[in-house]
Amino acid sequence: MPDQVVTPAPPEEEVAGTRPPLRRRRRGGRRRSIVRRLVTLPFLLLGMTLLMFLISRFLPADPAVAFLGNNGADNQQAVDAFNAKYGLDRPIWEQYWIYLDRLLHGDLGTSISTSRPVAAELADAFPATLELAIAALLISLLVGIPLGILAAARRSSLFDRLTGGATLLGVSLPPFVLALVALQVLYLRLGWVAGPGRLDPFLDPPPTVTGLMTIDALLAGRPAVALDVLHHLVLPAVVLGIIHGAFFARVVRSTMVDALRGDFVRTARGKGLAGRVIVGRHAFRFALIPTLSLVGLTFGELFAGAITVETITGWPGVGRYMYNAATKLDFPAVMAGTLVIGVAYVLVNLLVDILYGVADPRVEAS
Amino acid sequence: MSSLLRITDLSVEFPGGVRAARGVSLEVAAGETLAVVGESGSGKSVTALSVLGLLPEEATVTGGRIEFAGVDLLRCPRRQLNELRGRAVAMVYQDPLTALNPVLTVGRQIEEGLQRHLGLRRRAATVRAAELLDLVGIPQAARRLRDYPHQFSGGMRQRVVIAMAISCDPRLIIADEPTTALDVTMQAQILDLLRRLRDDLGTSLMVISHDVGVVAGLADRVAIMYAGRVVESGTAVELIGAPKHPYGRGLLASVPRLDAPSRVRFAAIPGTPPDPTALPAGCAFAPRCGHVVDRCRDADPPLLDAAGGRLVACWRHAELALGGAG
Amino acid sequence: MTRPVESAPGLRLFRPTTPGQWAGLSIIALWVLLAVLATVLSADPLAQQTADRLQGPSLAHLFGTDQLGRDVFSRVLQGGRATLPIGVSIVLLATLVGVPLGALAGFVRGWLDEAVMRVADLLFALPALVLALAIAAALGPSVSSAVIAIAAVMWPRYARLARGQVLTLRRREFVLADRATGASPAQVLWQTVLPNAAPVVTLVAVLDLGTATLAGATLSFLGLGVQPPTPEWGAMVSTAVQTPEAWWSSLFPGLALVSFVVAVNLYGQVFDRKGLGR
């Protein structure tokens, strides 16, 4: 079984974005491993809160300054109130307890730059990023997988070499560079895509059902609005989609090449099956599994990439929120945003793994 | 007797000057079972895989003909070859675990052959696939169609491979070391299965093995290969009873017998097989042969006629048969 | 006593085999050279001539000028002096922290192993760049913050790697033999186990160079790394975002960044077939 680029650290090693990471599978089959993940989930989330708590208390020179901002900290009253509210004079575990308590009540702090509750701002921004991430993922799979299959089927041909070069470039591109270039060309020069925002300001947004505006617009029976959203979505989604499409293309090609070397391919040939069937059915199915196992990981990269891409293209999601928070040193926003993204990432990964297990009834040999 | 498969002078090379097959000639007659025996490196698997053109990419066929029912499989168009593969000629492979696709159900893998060659629709193919699994002795066949290869035991997997092979009623089945990857009890079962199917279906069989014992009960004719060539061939009864080539003798003598006294040491052939990139000029067995003379080292003996349909590649086969001392 | 080093391929491992890999290595070398010679080859990157702001490429300014009238060519060349060392520092720090921790965890097992692995799992559970952003913000924006933050997110990979190598190697005879002769765990680790683990770790480190450099540039883009007015490729793109019509002010630093990462990835393929799979 095949046992591994963009921005930091998928868990196992990989080589120049070509090999899929080996995934360690535990004994006992899929169901048990899902159950195990569900059981450890609360601990993982708890651990994340602890991590963010420790970072926000122990890393800054003065947490009060960090949370209130330089201006806010000038006001001694504000500082005292802050210390009282967050128990900075109490022992650490009490502080952590207070922190957790606030979290569970939905209090993610107040933004220094906007003075609004961070939780509300994140709730506004998050669905936009989710929509972007899903769109980008779809693009990357739709582009990357066929490209990888063709490259593997025509190994060492000119097509393969060209694709190899293009995908190498794709995984080496920083999202912010591609986003800026794409903005300059597609928007400024050619005017093919819409400007900042999710929707033309003259249009009314559809009632929120899923939070994904395209879907919501279609559900509300307003396809023109959906189209407009897509017009705005296409630039950031394509930028991220290209980069990760290149990644998937390389992974698929690599796993397909391995698959095509397998004895079962020889068996298939020995049965007189046509090349297309062998590649399309035998090799592809075999290569699909390690590829899909990377989808969860890709979400993490998409969230990270969204930070710069949303900013440059003006898509109002969590990424842009984090960018603003970071550049303005809006400490509470950064910390809360990181936690929320982290939680979302963990949940998405779990969901992807469950879906993946449902779709593929084959249990990996333990 | 018409020959169904005739391999003439087949030569196959691998990169690095490795001559895996050097002028191999074999025949399988219709309805006959031929066993090809030899140690690893003798070129027997390479020969078997060459028939259906299943050699790895890096291998090159440098000469010879493989005729099946009049068609030269080495030179016929790809489309024609694909028609024959799985239909007229089918293969059973050595390691059923890797031979089957782990991500497709067993049923699917059987059905695709049926759909491809017999034009069966999906439902009919499924029914037939269940029948085939039943035929090869897999219990609860219909349910098992939906299982994946790893859910079967080794012996069962090999039965699945056999089911795939017989699915389109081939005239010839080539079994490349069909029992090597299995334990002894399974070996017996698989061999029984092959025998039964062969008898019931009348298929010709070409069995490759390094284990003479495996093929003894199954074969009509035997061919022994060494260092990429056939060194002896003849009917199973005669050859196994009285091999004429020194290597053949050594091979058969080295098979342990249940009725031998327990203190008897295993007879082994001294030396090791030659390096396929640096084969000696004369007979390839000469360095290890107990009866070698100068002529053996100078010239590589072709298959010589030794009466009674026997072919032996040894200059001294006649003398040795008379019990002549070396 | 001899210290058998089983799988030490030596520097042969790093030798490029295809034209692509040679090209990659050359480009890396070129950028290093340019960074070293930057001050000689270019003018003052901080010199502002506001009269000349936002001029396109010309003979006077090969890459044009940015919105403060600074020569982009000089800034790109000198930007390498910030961007490249950051990437290297990150990888170095991550290895220096991760490898000993992981090796120790794998060697002594027990609670240390559990602890290290749990922390690593936790760090893997967050998207790396996002967490690095938070850490860098908490530490206060500076170059060292960026380096520490990204290294903090990358070390678990090396820890896992080293631990895996140690786990495989600790049962080998020569390690057991060493211990039988009374060598202390630290000695065995240092003299026998680590040299065998070194090739794999180096391999990953080289490949990570591109990723680390990008991460550093991204944090600088966000204002959390190199601070203005120091030229750095990511930071330069960041300021250029405000003036998208002046394509030269973003394109050239962007190209510099891309070319370096492409070069690292191209060269990184040298490890592809050297049988270093675990």
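For clarity, chains are labelled A, B and C in written order, and residue numbers in each chain start from 1.
Convention: contacts are C-beta pairs under 8 Å (C-beta built on N, C-alpha and C of every residue); 3 or more make two chains touch, one makes a residue touch a chain.
Worth saying up front: this structure is predicted, and the values here are computed from it rather than measured.
Could you compare the number of C-beta pairs in contact for A-C with that for A-B and name the larger?
Higher C-beta contact count between the two pairs: A-C.
Measuring centre to centre, with centres taken as mean CA positions, what chain is farthest from subunit C?
With centres defined by C-alpha atoms, farthest from subunit C sits B.
Please report how many Å separate the Cα centroid of subunit B from that of subunit C, as a whole number.
Result: the chain centres lie 55 Å from each other.
Measuring from the mean C-alpha position of subunit A to the mean C-alpha position of subunit C, what distance in angstrom results?
22
Centre to centre, by mean C-alpha position, how many angstrom separate subunit A and subunit B?
Inter-chain centre distance comes to 54 Å.
Two-or-more-chain contact residues of subunit A, please, as numbers and ranges.
Counting only residues that touch two or more other chains, subunit A contributes none.
Of all the residues in subunit C, which ones touch at least 2 other chains?
none
If I count partner chains per residue in subunit B, which residues reach a count of at least 2?
Residues of subunit B never touch two or more of the other chains.
Taking the complex as given, what residues does subunit C use to touch subunit A?
118, 121-135, 137-141, 150, 153-154, 156-157, 160-161, 200, 204, 207, 210-212, 214-215, 217-218, 221-224, 234, 237-238, 240-241, 244-245, 247, 250-251, 254, 257-258, 261-262, 264-266, 268-269, 271-272, 277-278
Please output the residues of subunit A touching subunit C within their complex, sorted ascending.
3, 5-9, 11-18, 22, 44, 47-48, 51-52, 55-56, 59-61, 66, 168-169, 171-174, 176-177, 180-181, 183-184, 188, 300-301, 303-304, 307-308, 311-312, 322-323, 325-327, 329, 331, 334-335, 337-338, 341-342, 345-346
Across the complex, what residues on subunit B touch subunit A?
52-54, 81-87, 90-91, 93, 95, 98-104, 112-113, 116-117, 148, 150, 161, 164
For the complex, give me every residue of subunit A touching subunit B.
Checking each residue of subunit A against subunit B gives 1, 262-264, 266-274, 277, 281-282, 285-286, 288-289, 362, 365.
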